[in-house]
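In the two complexes that follow, chain A is the common piece, with chain B as its partner first and chain C second.
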Partner chain A sequence: MARRVGICAVAQTTVEHDKWYERFQGMALEVLEKLREQVAVEFSRHTGKAGIDMSINVSDDVFDARTISDNGMTDVLGAHFGCEEKVAQEGIQAIYYGLAAIQSGHCDQVLIIGHCKESQPKSRNMVSHMAFDPFFTRPVGLDFCAAAGLQAQAYAEKTGITDEQLAKVVVRARENAAKNPYTPEIEPVSAETVMQSEMLADPIRELHAYPVSDGAVGMVLAAEDIAKKMTDRPVWITGVGNCMDSFFFGDRDLASNFALRKAAEWAYKRAGINDPRGAFDLVEISDQYAYQHPMWMEGLGLCEEGKGGDWIDNEGPDKGRVNPSGGMLAGNPLILGGLFRAAEAALQLREDAGNHQIDDVKKALAHGVMGPAGQFHSVVTLERG
Partner chain B sequence: MNKNRNVGIIGVGQSEFSSHREDVNQPEMIHEAVVEALNHAGMTIDDVDCIVHGNMELFEMIHQPDLWHVLGSGAYGKETMRVTTGGTTGATLCCAADHLVASGLHDVVLAIGFEKLQEGHTTGGITNMADPLWARQLQTGALTGMTAEQMINEFGEDRAKRASMKYRIMMDRHAMKNHKAHRRFDLQWDQAEDLMVNSPALVGELRMIHMCSQSDGACVMIFASEEKAKQFCKQPAWMKDHITVHREECFHIFGDAPVLMSHRYAAEKLFERNGVKDPKKEIDVFEMYDPSSWWGLDWLREFLLFDGDEHLKMVENDEIAIDGEFPINPSGGVIASNPIGATAMVRVAEAALQIMEDAGEHQVPKTVNQAMASGFGGTMWTVLFLMTRDIPW
Partner chain C sequence: MSKPSPDSFVIDGKLALPYQYFAGRTGSRFLISIRDEKKIKGLKCEKCNKVFVPPRQTCERCFADISENWVELENAGTVTGFTIIRYAEPHQPFKPPYILAQIQLDGADTSLTHIVKGVALSQMKTGIRVQAKFAKNPTNSIMDIDHFRPVKPKFELGYSYDDLEIGMSASFTKTITESDVYQFAGISGDFNPMHLNEEFAKMTPFGTRIAHGALPQSLIAPVLGMKLPGLGTVIPEITVRFRKPTYFGDTVTATAEVVEFIEDRRWVKLELTWTNQRDELVAEGHAIAIPPTPMG
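What follows is the complex of A and B.
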């Protein structure tokens, strides 16, 4: 049995629609400095002192418009003559990688910093458009938003979810976000405003979609014995799981949650969870669009299949303690969704969430998603130390 | 380090490397290598638990290409991870696969590195890595004449040029034995004089003939736990240790200050922690990421921790030939084949094939007990591996 791994510190910047006043290195430095206020982050391992053995950057060449987008991050990651890696996938996968590196015995301490400025490209839909193959799906004009629209249609057909129910998801997310100091630009809205907002990709409305976001987030992971010395409030990573669905929509059942079910199944298995219902005091999911909030909860086995609409009407999100941070609907860059969610879950487990702290959080789940219509999902389960 | 469990390399697959793979799209090209690796390991995709994938996105302008590539990668319904670190990507993928198996998270991990450079502009793509404010004006892709200039200053023009050309022709002689290699010129020794003068100059004394190719291709490797490795493979190549060393982005701002190479630093640390006292004697074959014959020649000194001209003598005395005392790149190396996201993985794969005795025509004529492989990328980044014939941990 490999050793346990703990999250010893987490930090994030505020998420804003355009941090024009800061380069991505500046955002990352803010995260690093906040981490160093919490724990000793030592970079002089080459002198024989214990310290960070591996720094993982999460970023994206296309969003950054730079080949090797981590290249400009070496200094901030303290990776000068050290090990630096880049996870070019959903940010929560940096936890998966860090966990593997520590459990392999190769590393004892891992620093993770993810950054992205969605404000830099003319449109983030242009970026996700490039994820489609150039022969068949790109010429149709697909991007992740249009793909989500198709999935939302399929989900609505399966469950009968209504525009009113989706509006409730957004209203609640924004109420929660108002208490979250890291989402300063998100204002509460009424259900009417949501239902009158412009249609982006039917049935997805403008206010159903996560806002264009700039921000950075990071954490320090360590092997159990070191984690206990670093902090008296480590957060243990108890389970991880992820899964890739197929690519062409014709090959997939868009309403089936195929990849999420498998990702969750593997995470629960590793965490020793037989029945996920009641297993978590907090759930942070990457709801890029309002329909995903109930749909991912079904996929996680935390809401009865096909009953997402009723679940919303019966205050399922509050009872299930889902996204007290506001979730992704309150904003964070696409590629960092899951990493922000895991950071928020760790804050709650450490009772550091301030205004949006909820009571008695001992076990939590964080989720990330990438690709068109949720092609790839990743799940991490966490436990208070 | 106290490794959690042993990891063995049990399968290697490489697509055909070429300047133009117009006959296949990206997932199809990857699929070629996946199938070959699975056949080599004697397993099916059902035996694989997890797929790791990487390349450099701006070369082909496909965002998060693992999503589309699921059509050829075998990742459907499996755990996956995507890591990319520029030129070192292929090596980083090997580190990631090693971690994922050693940690106990997975028993069998399949790693995919690929690039289809034909579909983009390589030098433009590489230049785009530099900081737009401080460095991009100075960046000329991966082309630099600095090393040639330094070697000519240090060893004299004639000796330096002859040694780098000898290195180049030797790599081509090796590539002639590797039917997967992209550039196989069948260069003859008596062409050296002509090429030294008449090969088109790129930057200073870095000439076209010295420089690596731009290739299309994919490389796939299968990593397995000790138990699974023994079950599927007679002679796995065991992953002993690896080290990753990056350095800061704007190294040129320090002017003429001596630059400690990440290669030397990585080698020192890796040898120290694995008790390698005399690398030249203890390592039987070295697959080096050599982007040009100037760099390959110069970096040999760094990796073997020499200070004088021992590295030049090794080339002059044919020690680095496939049948020499210290064979380098029996595959032909990066100068012959360079699908960038795969290139560093090909080094690890070729070193593993030598241990497994599966390198075919370019198998070195001796038992390989310990092999070394290097990856290079970014602003002087190094990933260095040691692999062994015997179970290391």
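What follows is the complex of A and C.
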């Protein structure tokens, strides 16, 4: 059995639609300083002392408009003269990566910091458009919003989910976000306002989409023995799983949740969970669009297949303790969704969530998604130490 | 360099790099066939019995090399999913709103993402049949198919059995002239002087020439065959009782109304009436109709 790995500290900046007053590095530095307030973060590996063995940056070349986007972050990551890595996948993959590095015995301590300013490119749709191939899918104008429209329509046709039910998801997300100090700009909204907001890509409305977001998030991972010395409240990573679906939409069943099912299956297997229902006291999912909230819950096996609409009407999100933070609908950059979710889950497990703390959180699930229409999913299960 | 920035705090930039993407042999063949032959081709994995489009060299399921297994697909297919793009971005091929759809071409097992035009946005739905409209000028990309449009049937067939309802009616009106009667005499060979010779006709109970009975009767044919049920209908039976003569210059209206379903055969019975401009009943009867069955 591989050694256990714990999250020893987590930190995040506020998420705002335009942090014009801060550079990428400034946001990351704020995260680093908050982490150092919680645990000792040493960067003297080159002198032979114990400390951070690997720094992982989560960033995206096109969002940052510079290739090898991590090399502008070396100072903040403390990566001089040491091991520096980059995750350009969904941010939660940095946890998977750090876990693998520690469990392999290669490293004992890993620092993760992710950053993104969606406000700086002219449009985030122009960024995600670049994720498509230039021959078959870019010419028809695809970007992640258009892809989500195709998936939302397929999901709506399969389940019959209504505009009213989708509005409820947004209303609840914003109510929760009002209690979250890291989402200061999110105002509560009425169901009527949601249902009157403009259509972006039917049936997705403007208020069904996560807001344009700037922010940074980070954490410190350590092997069990070190984690126990670093903090008396470690959060153990008990399971991880991920899965990449086909690239072309026509090769996929967009309403099937194929990749998420696989990712969840592997995470549950590693965590020794036979039945996910009732296995978690908290679930943090990356709901970039309102329809994804029930759809991903179905994929995780936490809501009955095809019954996402009923689940919303029957207060499933509250009963299932899903996204008390407000989730991704309250905002965080696309590439950091899962990493923010994992940080939120850790806050809840450590009882550090403040106003939005919920009771008795001992086991939690964090989820990240990347690629058009949920092509790639990542699931991490966590447990209070 | 881009133009100087207005201040020293923010610099305008643009991530733009002239670049050449290689389509690869398989991708090139696919695009050339669309551009030069207006044929859309797929690649078949024999082992998985699956035809893929857009093309790829390798089956993603079993990793078999499928790069030579070209199969010709139809240029028409079925919409399997769609959305309506209403937000504007510079990378879009058309000005929104437009329909982005998944289209499964006949002969393929996977669907292609493309644009559908020619459907009212509110009427768009999955399952409709569409066909490729090719671009006038080559783009060397998938936009050599400019877009897809609904398949227009060659003929608009009439009401099918399931479309018909009791009470539906239709009619046709025409003024019967002397010229009609002479032509009908030629067509039928019925040169009876009661229709053609005014002096003879004066001696008949009608006192003047009248039209052949079958002439106004025939006015029901355009109703049944072209209106109700309409194109594609077969009429195995018509019965008529003549009630009043039709004089030259009379305007006759032939009407059919659906009155009964013959369920076991999926036929319908229609009540027929012929009236003139004096609201007199010229004739009455009924017809049995075999409505058209939908094509394809």
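The rule is simple: the second predicted complex is superposed on the first by the 385 of 385 C-alpha atoms of A that agree within 3 Å, B and C clash if a C-alpha of one lies under 4 Å from a C-alpha of the other, contacts with A are read in each partner's own complex, and residues count from 1 in each chain.
Operating definition for what follows: a residue touches a chain if its C-beta (ideal position, glycine included) is under 8 Å from a C-beta of that chain, and two chains touch if they have at least 3 such contacts.
The model shown is predicted, which means the values in this text are computed figures rather than measured ones.
S.K.: Does the superposition put A:157 against chain B (first), chain C (second), both, or neither?
M.R.: Second partner only.
S.K.: Using the touch definition from the top, say if A:65 reaches chain B (first), chain C (second), both or neither.
M.R.: Both: A:65 reaches chain B and chain C.
S.K.: Using the superposition on chain A described above, determine whether A:140 touches chain B (first), chain C (second), both, or neither.
M.R.: A:140 contacts chain C only, not chain B.
S.K.: A:326 contacts which: chain B (first), chain C (second), both, neither?
M.R.: neither
S.K.: A:201 contacts which: chain B (first), chain C (second), both, neither?
M.R.: It touches chain C, and chain B stays clear.
S.K.: Is A:254 touching the first partner chain B, the second partner chain C, both, or neither of them?
M.R.: Touch partner of A:254: chain C, not chain B.
S.K.: Answer with first, second, both or neither: which of chain B and chain C does A:308 touch in the superposed model?
M.R.: So A:308 meets neither chain B nor chain C here.
S.K.: Give one of first, second, both or neither to describe whether A:246 is in contact with chain B, with chain C, with both, or with none.
M.R.: both
S.K.: For A:87, is the partner it touches chain B (first), chain C (second), both, or none of the two (neither)?
M.R.: In the superposition, A:87 touches chain B alone.
S.K.: Quick one: chain B or chain C, who's touching more of chain A?
M.R.: B
S.K.: Looking at chain A, which of its residues have contacts with both chain B and chain C?
M.R.: Shared contact residues on chain A: 62, 65, 129, 134-135, 246, 248.
S.K.: Considering only the defined contacts, which chain C positions touch chain A in the complex?
M.R.: Answer in residue numbers: 13, 15, 21, 23, 27, 31, 52-54, 60, 81-87, 89-94, 100, 102, 104, 110-115, 126, 139, 141-143.
S.K.: Which stretch or stretches of chain A touch chain C in the complex?
M.R.: 62, 65, 123, 125-126, 129, 134-143, 145-146, 149-150, 152-154, 157, 198-202, 204, 246, 248-251, 254
S.K.: Would you mind writing out the residues of chain B in touch with chain A in their complex?
M.R.: Residue list for chain B touching chain A: 1-4, 25, 51, 54, 56-59, 61-68, 70-71, 75-86, 92, 95-96, 98-105, 125-126, 128-132, 243-249, 260, 262, 265, 269, 377-379, 381.
S.K.: Residues of chain A touching chain B in their complex?
M.R.: Interface residues on chain A, with respect to chain B: 1-3, 46, 54, 60-62, 65-68, 70-72, 74-75, 79-89, 93, 96-97, 99-106, 127-135, 240-248, 258-259, 262, 266, 370-372, 375-376.
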